Amino acid sequence: MTPRVGIVVFPGSNCELDARDAFAALGAEPVMIWHAETSLDGVDIVILPGGFAHGDYLRTGALARFSPIMDAVRAHAEAGGIVLGICNGFQILCEAGLLPGALRKNAGLKFLCKWVTLRVDEADTPFTARARPGQELRIPINHFEGNWYVEPDVLAGLKANGQIVLRYADNPNGSLDDAAGICNEGRNVFGLMPHPERACDSLLGSADGVVLLGSLLDHVSNRTGVSV
Amino acid sequence: MSYLARVDVMLKPGISDPQGQTIEKALPVLGYGGVRGVRVGKRIQLEVDAASPDEARSKVEDMCERLLANPVIESYEVSIA
Amino acid sequence: MSLAPDLHRELGLTDDELEAIRQRLGRDPSYTELAMFSVMWSEHCSYKSSRLHLRDLPTEGPHILVGPGEGAGIIEVAPGVSVAWKVESHNHPSFVEPFNGAATGVGGIVRDILSMGARPIALMDPLRFGPLDDPRTCYLVEGVVHGISSYGNSIGVPTVGGEVVFEDCYAENPLVNVACLGVIEERLMHGRAEGDGNAVILIGSSTGRDGIGGASVLASAEFDESSSEKRPSVQVGDPFTEKLLIEACLELVRANLLVGFQDLGAGGISCPTSEMASKAGTGMRIDIDLVHLREADMEPFEIMISESQERMLAVVDPANVDAVLAVCRKWELQANVLGHVTKSGRLEVVRGDELVADVPADALAEEGPVYNRPVERPAWIDELQGAPPGGEAPADLRDAFLAVLGSPAVASKRWVWEQYDHMIFLGTVQGPGGDAAVIRLPGREVAVAITVDGPGRFCYLDPYEGARLAVAEAARNVAAVGGKPLAITNCLNFGNPEKADVMWQFSETVRGIADACRALGTPVTGGNVSFYNETNGRAIYPTPVIGMLGSVLDPAGAVGLAFATDGDAVMLLGATDETAFGGSEYAKVVNGVVAGRPPALDLDAEGALHRVLIAGAEQGLFSSAHDCSEGGLAIALAESALAGGRGFSLEMPGATHATLFSESPSRAVVSCSQARVETVRRLADEQGVPAIVLGSVGGDSLAFGTFELPVEVARGVFERAFQRMLSASMS
Amino acid sequence: MSYLARVDVMLKPGISDPQGQTIEKALPVLGYGGVRGVRVGKRIQLEVDAASPDEARSKVEDMCERLLANPVIESYEVSIA
């Protein structure tokens, strides 16, 4: 049996189909989950996809974190289940307190859609297991609010615990400590601004995203005995 | 009773404010010297039903804590008219 | 009730038009009816000045499933795979308020595509502004680009290409056109109100007093001075609601719950109600008390012509009404049953039990005035065409090259397109920065190539030739990536049609488009006309923007413009006329001249070039292909080099400014392995296309023979010029 | 002298405020009933050098017209402390 990947769809999400197609191409079984649901019906991995949930009105992720499904997402995370927030999903996880920090407007005050180079600084996580420490990945960003911030003392703790998983080789948005992707203390909840699902097909410019999404599938396969 | 509430949400001091900085850079160009400390935040207006100004205020402050402001980077002020 | 004597004039209706309305109704129109006619009979909605000319456009072909007359044209790009393709203008609103004007322009064209039952999957934004050294221009550029970016990115439709052009003539009349591509998922929808008794449902945003400033004169006495304040002409876009509208409508189409539907744009509720009834030969009765209003005490005329954004009108079998409302509720969208379809042939509008409008649907939608406006070739055109084109040699060839490479028209627009999500849907095989964008259709193995082109300078010098050149260049861009040109949409931006010389430019342009489209086998599937782009008697260049669409059956075989391999041969396909400087970038930038005749175009040679490019791509012969357009051969070579991050050296003797900067059409620069040079030659010979080897790829400089410079120097100019000019004039 | 100026920029009445409407729709769901007329604008803070409060005010109002507000769709209020 294959890993089931639950993709949460908020009103205003817009990368859910891309996430679905990328995971399907990797042999997983994508399951679309509407934000008003209250159950994740036993999926192995939860994805909060990119987009503009509730139009990003007020603040990115500010309204989405109150969606009914978020209680189930929190429970899944607390039970050690894998949760990945991509772009807007990362912003929602921060607003929901499942990941530390907040995302401000890009330092350049511009929306940025471009290819960037990421460095894997923590290779011993379920999200980066397929990567070599220090390996560079070419993956696009696509956001206006990717300028991650956290209080200095918290940052110190995160670095000490190795929770800054991915860093920009060349910081595009002013993000603190060049952070592009982080995880929680339990190393089962991940958030990143770049879009690995957009980098799973060399015809589109890069397949490096497979390293990250594939690692998650390996992880749940090994843990639950399901295989890809 | 219905009260008009005004909420001002600003980035906390010490947190860099690209919008403010951009405006601060643009002003001299337009011939406005002697301007400092530009900060850009949100002003939210709303009408709340409440029995008293105090009740209105605590209701709105509650909204700020949970929704209107993000405590990690923002501070807020509520005024009730 | 009798109307104030010249109320109709204040609404933009002539005395004759009012008389025509009286005849259709057999009585005076009510205020509400007058307002409805004023919007439906406006130039924008009725095409009263352009319609006669547009009839000459070829609109049919084996692969054209739907031509002009509906929300968008429909083209079958592969067996069973159909796409919608359409361009619209939002020029004036974007001048008044660049951010919201451009944003709502995106929203409007996306709903046109949606109205066909298609999922919008790509946008393109042909933009034109005044000179870049004018701070006002920079304010407009920033606002327009930000508006498109924030709306398009939020609704999740990638903006995969466009144009940014700067000419003095656009200073007071910037052009903001937006094209949208959609893919038919389940079934094609039509804007027809079939079925007596079917329900009429308004879906989407609430209705406010948006965009009815013009009709404010209808305000009855109880409105005070601030009424203009109450009726802002500026509309604010709500991309969040648009995104919900897209998903909800597509779900309704998939579930086959709709009889027909149409978007609300210009003309507000008056437009789809009358058009859908008219197209189906039915009638409609609606109660505007059931319209979900954003503001209190709106008058009937306000509700009927309000241009509030993000709304669609659906005609639904009564048995399906609950299901439709349920889908809308799921997507958190307002939806209200306004009334029903009738047999009466009339649009009856009631408010409660008061009848506020009762007009034949055809009168509003179909029987608008049609004008055969005077057409006269202006005297100044001979003088203009007689003047020297500005092809004189430069003081220094290298400086001239850098001037052209760094000119606003040629320099990289990365600053613009990096602000657009151009990747969502995992279909962008080739995005901004190339010739045509190559978009793989979701869940399918085929792709389409799309591009927009509008060489205003050529059209100014000779509208007929300019229009042919526009179609040719657009098709060339599609062929360059290996796409087969199939059809065009077009946006015709012109001055005041009541002036004979503007109408001459218009008719010549349409004639040119028609001839070129016939010759290249690319019918016109629709488009849009924008007149009155004129301030203080100064009109814009006649600016037809051509949106060309082609098919790419093997996306992996699409060809890019980047030089790929050191040692590859660099070849030029097509003949060079070394005198083609009229309206060229070189003439404008180096000699400050816009005069003479535009380059001469032979459509047979053009078609032959396309066949070579397409066949070469199919056979996998090319490492790169790039058409020669603005800046001529020199810029085509430089762009391929910069894109590939590698230089080239030309072996051809003594490259002069005439060889390098002439803009003679029907040419492309390709690169291929030395082993394939002969095959390419033979392929070109078969089609009668001249093919010569210019030199080879490699090294880290652009070595033109007569001069040379490091790739990185050229990159610095090409990549930074645009942003430098922007920030320079901001300060 | 330096003065602290506060500028509140709001959309003009009649101009739709999708952001405000969306927040208003969300509030009841979060258990905040009886809230209406939510409008979201900008709050800008800056320090200006000027000889008098009046000069500071007119200087800032000038900036509003040219940069801080968009007169086509926004109205603004200036307060000088």
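Should a chain be cited, it is by its letter among A, B, C and D, assigned in written order, with residues numbered from 1 in that chain.
Throughout what follows, a contact is a pair of C-beta atoms (placed from the backbone, for glycine too) under 8 Å apart; a residue touches a chain by one contact, two chains touch by 3 or more.
Note that the coordinates shown come from a computational prediction; the quantities given were computed from them, not determined experimentally.
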Larger contact count among C-D and A-D belongs to C-D
By mean C-alpha coordinates, which chain is most distant from subunit C?
B
Where the CA atoms of subunit B average out and where those of subunit D average out, how many Å apart are those spots?
9
In whole angstrom, the CA-centroid distance of subunit A from subunit D equals 35
Roughly how far is subunit B from subunit C, centre to centre by C-alpha average, rounded to an integer in Å?
41
Among the residues of subunit A, which are close enough to touch at least two other chains?
54-55, 57-58, 63, 66
Residue ranges of subunit B touching at least 2 other chains are 26, 67
Pull out every residue in subunit C that's touching 2 or more other chains.
238, 240-241, 332
Could you list, by residue number, the parts of subunit D that touch subunit A in their complex?
18-19, 22-23, 26, 29-30, 40
Subunit A residues touching subunit B - in the complex, by the definition given at the top:
58-59, 62-63, 66, 94-95, 101-102, 104-109, 147, 149-151, 174
Any idea which subunit A residues touch subunit C in the complex?
11-12, 14-15, 17-18, 21-22, 34, 36, 51-52, 54-57, 110-114, 140, 142, 144, 195, 197-198, 201, 203-204
Taking the complex as given, what residues does subunit B use to touch subunit D?
2, 8-10, 20, 23-24, 26-27, 30, 32-50, 59, 62-63, 66-67
Per the contact definition, I'd like the list of subunit C residues that touch subunit A in the complex.
149-150, 153-156, 238-241, 243-244, 330-332, 417-426, 428-429, 440, 442-443, 555-556
